[in-house]
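So, here's a batch of structures to check.
Both of the next two complexes hold subunit A, though its partner changes from subunit B to subunit C.
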Partner chain A sequence: MKINFRLLAMNLSNFSPRNYVLLVATFFCFIQNSQQLYEDQIGKFDWKHNFVGKVKYAYFDGTAGDRIIVATEQNVLAALSVRTGDILWRKIMEKDIRGTIQYLHVTQSDKNELTRPGEYNDYDIITISGTSPAMVRGWNPNTGNIIWEWSLTPNTQANAENSLWIFRDLVLYHIVPVYGSHIEVTGYYAKTGHHVKSTTTRVSAPWIVQGKCIVVAPYFVCTIGSQLVAVNLLAENSVLVAKDFDRDISGSDLKLLKGVEATVIVGNEAYTLHSDKITLRSNVDSFNFNLKINNENILIAGSLQEDKSIRISSKYLDSGEAYNDLYLVAHFPETLGSPQILDVQCKSKGSGPVACRMLLSSDNAAVILMQQGKIKWVREEALASIVAVEMIDLPLADFEGSIQSELQNKDGDIFGTLLRRISNQILQLRNMILTVIGLDGHRPDQTNDVDLTRDAFGLHKMIVAVTEHGKIFGIDNISGKYYWIKHLPNFKGFNEHQSLKIFVQRTSRHFPNPPMCVVIGRNKINGNGILYQFNPISGQPINGGITTLNYKIQQMTLLHDTESDFLKAILILDHENKVHVIPEKAAKLAHKMYLYTADKTRGTLSGYLVEYSNQQLDAVPIWEVHLGGAGNIQKITNIAMKSAIEHVHSQGRVLNDRSVLYKYINPNLVAVATQGPDSIHKYVLNVHLIDVVSGAVVTSLTHRRAKGPIHMVHSENWLVYSYYNDKVRRTEMTSVELYEGKSQANSTIWSSLDAPQLPMVEKQSYIIPANVVSLKETITEKGITNKHVLIGLSTGGVIEMPWVLLDPRRPILLPNQGREEGVIPYIPELPLPSENVINYNQSVAAIKDFFVTRIAPSKSFDLLKEDFDYILITVVLAALTISSCVAKHLSSRKTIKQAWK
Partner chain B sequence: MFLKLYLPLMFIASISASSLEYDGWLHINLYHAIDMDLPNKFTPRGNVTISSLNSGSFTIVQEPLSNNERIKIKKLAENDKVYRLKAVVSGQDGEEATFLTYSRACALAASQLTDSLWVSLNHLGHVLGVSQSISGTGNCRDQSFNHQVDALEEFNTDVFVKHTELAPIPDTASFIQKMEREREARERGDVKDNRGFLAKYWMYLLPVVVLVLLSGASNPEGGGGGAR
Partner chain C sequence: MKTLAEDKKFKWSLKLLASLRDKSSESATSSPPGYNPSIHGVVETEAINKNSEQTHLIIKKSWDIAIGPLKQIPMNLLLMYMSGSTISIFPIMMIAMMLMKPLSAITTTHATFKTFEQAGTGTVGQKIVFVLGHIACVGLALYKCHSMGLLPTHASDWLAFAEPQTRSEYSGGGLVLL
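Entry: the complex of A and B
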């Protein structure tokens, strides 16, 4: 009977903290005292990669030669070095929609000849972020300092979202199209925000349709039926210009041809807009750019080739004749996706050939600089939006693996076994000698160790990071090096903000079977399920890699039992509540598995039992709860499950009278937070603990006048969550612990159907004097170490909070008889000492940097310091041994001499 | 049996811990699916009226099972199927809500149709879920299923109400009071010296240690005796 099967699935689960601080940290009982890092230990166990996010707008900085100004989808304005791609400076705007960068203007050198290189004026960089209000800011390109700022609150909120901007001759024009009616144009002096004219110009344009129009400064262009229609917004008496086509073009893409002239691309033809006509220029390729070289209008066009290369050619925009100075074919790895040209900078030295730099960005967020016909650098900005992470143990070294296989191999004749044993032992001996000789080469903190084998403490791991854009990375956790990159162009996340999922189907422990991971998502083409199976160490696909399914996925999990190949099969519940197992031969292992699904808006959780009979799988609905209340006013906002790999080492807690309070350790327990309005208390936040196998509501807590954002961490027998208390206007954290009582119902095996219905609930709330943006617990292999909670703060710090400080059993009044061990008296405010910030001054900003470090919640144990001097100890030992031999010899000679006297 | 003793005790604790501002009542119609061949056919089992949500007092009406029904339940138990229960809840506001719960049929048969229904309420007294539980399930495999069909005569059901508890708020008041009391105690000067032994008497211990060390050093034979 598998009633105690743990359920790992969820539809709604991953509101994970990874979304923000790229989590990380954890692990085994090791390395030095993690807190209070010494100055010389900086960068020893940790590394950090900084990101800017997927680039939206980018320009080569005209005023200084070696800088690229980028504005990104993660609301970041940054300057990148042209030579290396490093971030020179970075400014992070407001979060979410308030800081969305709408417009970026960077002064180009040819328009700005009065300024000497290195100098700047007030108009060098202008950004506009947000819509209501829109923040207009001017920046210094050298330092990234803000120089001026003003805000614009639009009159009509509804139209403001469609706002467009043009910057021309020190004036910023705000364009608000009111679809089906007119276009409003207002001019502001960029530096001060003063109106240029006292009134807003209204350009009557009843023909404009949302989604069919773009702004190509200074024109507003639409594809209407079989016509391309444009109007000059900045002219005094704007005239409509149109071009007739012999076909309906409203369905084809209307794109801006970036560069110097007001040119648009319709289909695969470029058209230039003039005040009185629209002229056809020439054909374009899959990505294009227009620039002036020696006063000639050049069209740069490129496309990807079959053989993993990129071909970029150029021609005169007017005549369509080939321009021979600029032609290149370069190697272009598949993992970079399909590119677009962001900006091109060309230099011609006298009459010689032109040299160009090209900045490309791809659909999977890579930023690429091409120079001299090849890729100079690549920034993998996809890592700024990681949605799922797994840390994989490295496989055993070959000789250890062969020992393992020998131990597993029971058959074979006696001589074969003997031979194998001897050869193994020779290998082992050789390895031992190598280790002794090359002591330095095998220290655990060796960072440039290239062979991917497990170290003595299992600290060296492979981080498999899945990003929003369907790009997967295999990253070394010690050096931060990318071992492999894979791009899955057809993958997208699930609906309701559910990202791509990753599961570990087989760990590295089952030598010689390779470890195996699977990424599951939705097919971009038809929304059906799609999965990619691969080896997380090498990044190579397994079983052909991609499997497309012919059904939509509602829920998925891994099976617990495996067949002889140790592979955990995937269990999928499709949109028609049918059950599938991949691979199909493992179907019978899914018998008596439990699954549950959650409906966020209705607040419903439903449980299913999977039954295998007559070669067929069925999902029987077995329970249903409604957390929405009457009228479904409470919406599910967070679901927190326990980690699937968690082990709880200690079953209970010793009280001061030496009796034991047993923990209620229910692996099937899931915490669900619901939020909704309330007639008396304004908002109410409820937290329910639900057993997703039995469907029982174990306990419910209600917070009055509290609201999100909620962050939860659920582990062992406790739950910690943070929320905003609107009544007292501060962030608070509540911790809840569950105990079975002084005796255990069943100490050997957990069954949700047999569990006590009313466990003891201990709860306490604390004030946290900071803004919490993510929560995660530390996890160790056997669960022996103390638990710490890692708290990501809005300041960019990650605080390590020992569980004892969050313990709900902290007594307010000291009891008269002896205190409980390890329980400290209650103080309402949680301390946030700066020594506990594990990323010291390496802030992980709101834009998702990647910081990896090690922490040791229970301190390290029998490890040598990382700066332990192996040579010195060897020399000292050798010297002592030699000197003792010498001394012994000398002393025996002396005694003999004395005896002869 | 542990659970049987334990549950009622905890139940009293739970209702005393929190209650609703406005008491209410609930009416629950129960339907069960016991036919193995028609797994989605729910037939009436009985009904429960909880007259007071705060006190949890209830009345339950369940007809004895017909012979046919008993055989069906026995069959479910023998095949290790789930016994599914549908609860249609109607309350004061007249809205109906349907909940689903289950138990293992063999456990239900082994307990001779003794079960408990847990009705969980939210902060406004609306039902979150209805959950059936059977105490002392044990391992179904160990039990023989040759129960008398007669033993499956009538459901013996207990109904419990689980309330949502009010979450704690940071207890600043009692902390300030405690600090205040400590301050007063200090001012009165009757603060108990609870420093450790060493912290308290180090000035007496230090000379003794120094003496011992000095005597050890003046006696080199004793100190270096173990060298060879």
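Entry: the complex of A and C
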């Protein structure tokens, strides 16, 4: 994931899952010209973390070097350093299903007896990605260069999705199980893709059932009823072997025991497959691995202990006796989740005990290397799949906070106020003196929290990143350090690929109340709502942390009004259209709140009015809009709301005759994109702007022969979206602006129920010569800066596009009279100058990396450069002062002497 | 040289006879050189004539001052035309002068005409004209400001002070999460 930001505060909670990528924090008073970066500023206010994603397959590279080759769920093939966990090289495959890595083979050295025997070739890594076509590639493990590649297009699409692969003796076997019928096995020479045999071998296997079978090279194994059945796919005359159980095992997990032998785990027992029988080997633990040490089959098994530690033990697979060289108990933080062993590498020094490295991967995507009985490094790969981000202001320092509370305190008698003020200022003075003379060392929390106070411009923030795996990170936006990590094992995202949601219930401004965020998701166990409330600065849970709900969440929002504790309550609409408010005491604040829900497949939007009466909350349906068209062919694909924290400073736009065109700033306006097939135009894309309070459709736009992926930004009085124009085969961006006209119907209050007549709609389309993968606008606290649109490109660049270039009022013909200020003539192509790439050469590959920087859309003002030489200026000033004193003294002496002459 | 000599001669010649002839009969002795016996007589006999002439002059002078600002108008018009309507330091300074000078002059109207009042002449009309003239100057300066676009006379000039509208309804929601 690439995340980049320079934003003050960006609310990404409305981001579609693909877009979580770009966060940019923008400040209006910022350091340098936003458009350029000097060479010496590289890395000064940006940083980037690279990720590979949740590891799917991993092997220690046995041939040379201290390398780990990993293939991940994010379609990445990479080499990690064993010593540090750093990425040595990384290759990113095609997006989505086309690049899903199906198989990874890494040649193991056969020189070292301690590792598994294997084959050695002139290529060492083979990957197979995608299914239709499947791309087979050979890689050089030193450089990451691709050596060869061939593709395989299967005959039947449906079966190809179940493809499995075995690599043995330079030959790749492509296994296609046709469930309920047979298994097709085709051999290819790995390097060339030529058939080994002219025909495909068909192994008749009517007993195979989808979901109950795995491949354990060279066997195909299934649990059928009370039997474990296996067939050797590579044997000339394959014989079925089976083992009977005294119970029905088709319900129990069938897992591969990673390692050297063809062994499977059924329940908690390991069974080795032989050509003629299946033998029970040993009981297993919660995670297991099998390897050969000195020609002995060793089973490594481990489990997590209750005291936040991990215990790994080993035994001989054959005899079940303990193997004492490999036993360890190590501290294992609970944020790492429950691990699996990916690979083990052992070395014996002479006759001494073997030393092993173990590579573990946890269910929340952490990659852990254990060596010498402890964790050597951890890679937090969960950050490769961030789904929501909030940037939180840091709290004020203690004494500043007390002054803040003093200023907010309106009650109390005059003497009490005076006393408090004086005591606060004495405290402040004391702090200042202590800081100056360097005695400020006695603050108990200095080690950790001393940095976590607000700086002069409020640029230092805490990034709260919620990841797909239910892991939350508190990250410093200046240093990139992880201040806290929290793992929520029971949380999962919502339906229809909707991710976990995060809301800021209380910001850092309400000292002494702590800031508070909430993460809302579904309970993995029963699908009911579950939420976790925490302090985003310290990461500590608030109100006990996790709250489980006994209903499913249909939709939710934050209330606007707060009680005296400044906490914004959460309003939840459950699956039975009942309304709940958390905490319950804030229920009356939900009165007259409007809520809408959008049904993707039916293409409908429904509006509800929440009413509070007789201590009860009710959601009254008030409108419904059907956008599905005839036969419901149009499906809702995107919804773009305005940021809840947005302020619009400028209420209008000055025309060239110096009159004002007032903006139509409707905070309840939502942009809804629907897509569907069309008999004439192939596809039709519609964008509707709907007021979700009144249900009024403000305007609709239609694009024929245009299709997704759609990315939208909705802010102030404008909407920008990108789509693919199939007719001319290019990506286009359309911008729409709404204006009330030259007068405002009501300049003080906005009411959607008494909204002005249909607004003026300005629209324009532009060609963007790149692929857009995400869009986001910059946002500043008071909204006084210009708006820029940040565009994440498939090339890994993040472009900062000034709004003037996207302005729909750019004139096509030059008007006779003077032009409007700041409006440039229309040119269809949007320029993408490389100076506007805010991450310069720090490409955020396939949006898997995490890049943070800051931008200043309206330039910075009145700030010293960050490399300003304070020492030099101080020395020069001091020297000048001293020399002028000395010179004054000397000159007065000279005058006196002269006077005596 | 000759002219110089004649001038000198003329300058220093004494007309004793003439002074004797005009002299009153009080004394037979001739007056000392430089004595002008006519001074007394002139003051006394022509006092009234002289007063009315002076008043006339004073009124004339005061009207001159009163009309002064009006006389500047053509000059100001020329200056305004010459300075153009670009916003730069010189036109701005000029306009500032054009505005400040008349305004300060208006505030000191009373002082300006004080001497004339002491002379006993009525100055109400002059004051009115004086003030009107300066107001005309101010008007010119304002017109110049206007033509340069410096006056906040359009809605756009007040846009920055426009408060955002307050919301009367709040809404939220999104795709069904079930």
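Quick note on the criterion: the second predicted complex is superposed on the first by the 823 of 901 C-alpha atoms of A that agree within 3 Å, B and C clash if a C-alpha of one lies under 4 Å from a C-alpha of the other, contacts with A are read in each partner's own complex, and residues count from 1 in each chain.
By our rule, a residue touches a chain if its C-beta (ideal position, glycine included) is under 8 Å from a C-beta of that chain, and two chains touch if they have at least 3 such contacts.
Remember, predicted model here, so these are calculated numbers, not experimental data.
J.: For A:I42, is the partner it touches subunit B (first), subunit C (second), both, or none of the two (neither)?
T.: neither
J.: Go through the superposed model and pick first if A:L753 touches only subunit B, second if only subunit C, both, or neither.
T.: Both partners.
J.: Applying the touch criterion given at the start, work out whether A:A887 contacts subunit B, subunit C, both or neither, answering first, second, both or neither.
T.: Neither: A:A887 stays clear of subunit B and subunit C.
J.: Using the touch definition from the top, say if A:H703 reaches subunit B (first), subunit C (second), both or neither.
T.: Touch partner of A:H703: subunit B, not subunit C.
J.: Is A:I767 in contact with subunit B, with subunit C, with both, or with neither (first, second, both, neither)?
T.: A:I767 contacts subunit B only, not subunit C.
J.: What is the contact status of A:Y594 with respect to subunit B (first) and subunit C (second): first, second, both, or neither?
T.: second
J.: Between subunit B and subunit C, which residues of subunit A are contacted by each of them?
T.: 751, 753
J.: Taking the complex as given, what residues does subunit B use to touch subunit A?
T.: Residue list for subunit B touching subunit A: 2-3, 6-7, 10-11, 13-14, 39, 80, 82, 84, 93, 95, 97-104, 107, 116, 118, 120, 122-124, 126-129, 131, 133-134, 136-141, 160, 162-172, 174-175, 178.
J.: Could you please specify the touching residues of subunit C with respect to subunit A in the complex?
T.: Touch list, subunit C to subunit A: 149, 154-157, 159-160, 162-178.
J.: Report the residues of subunit A in contact with subunit C in the complex, numbered from low to high.
T.: Contacts found on subunit A: 14, 494-496, 498, 522, 552-560, 571, 573, 575, 592-600, 636, 639, 641, 647-652, 654-655, 658-660, 665, 667-668, 692-693, 746-753.
J.: Under the definition above, what is the set of subunit A residues touching subunit B in their complex?
T.: Residues of subunit A touching subunit B: 1, 3, 606, 609, 620-627, 629-630, 634, 684, 686-688, 690, 694-697, 699-704, 725, 732, 734, 741, 743, 745, 751, 753-754, 756-758, 761, 763-767, 812-813, 826-829.
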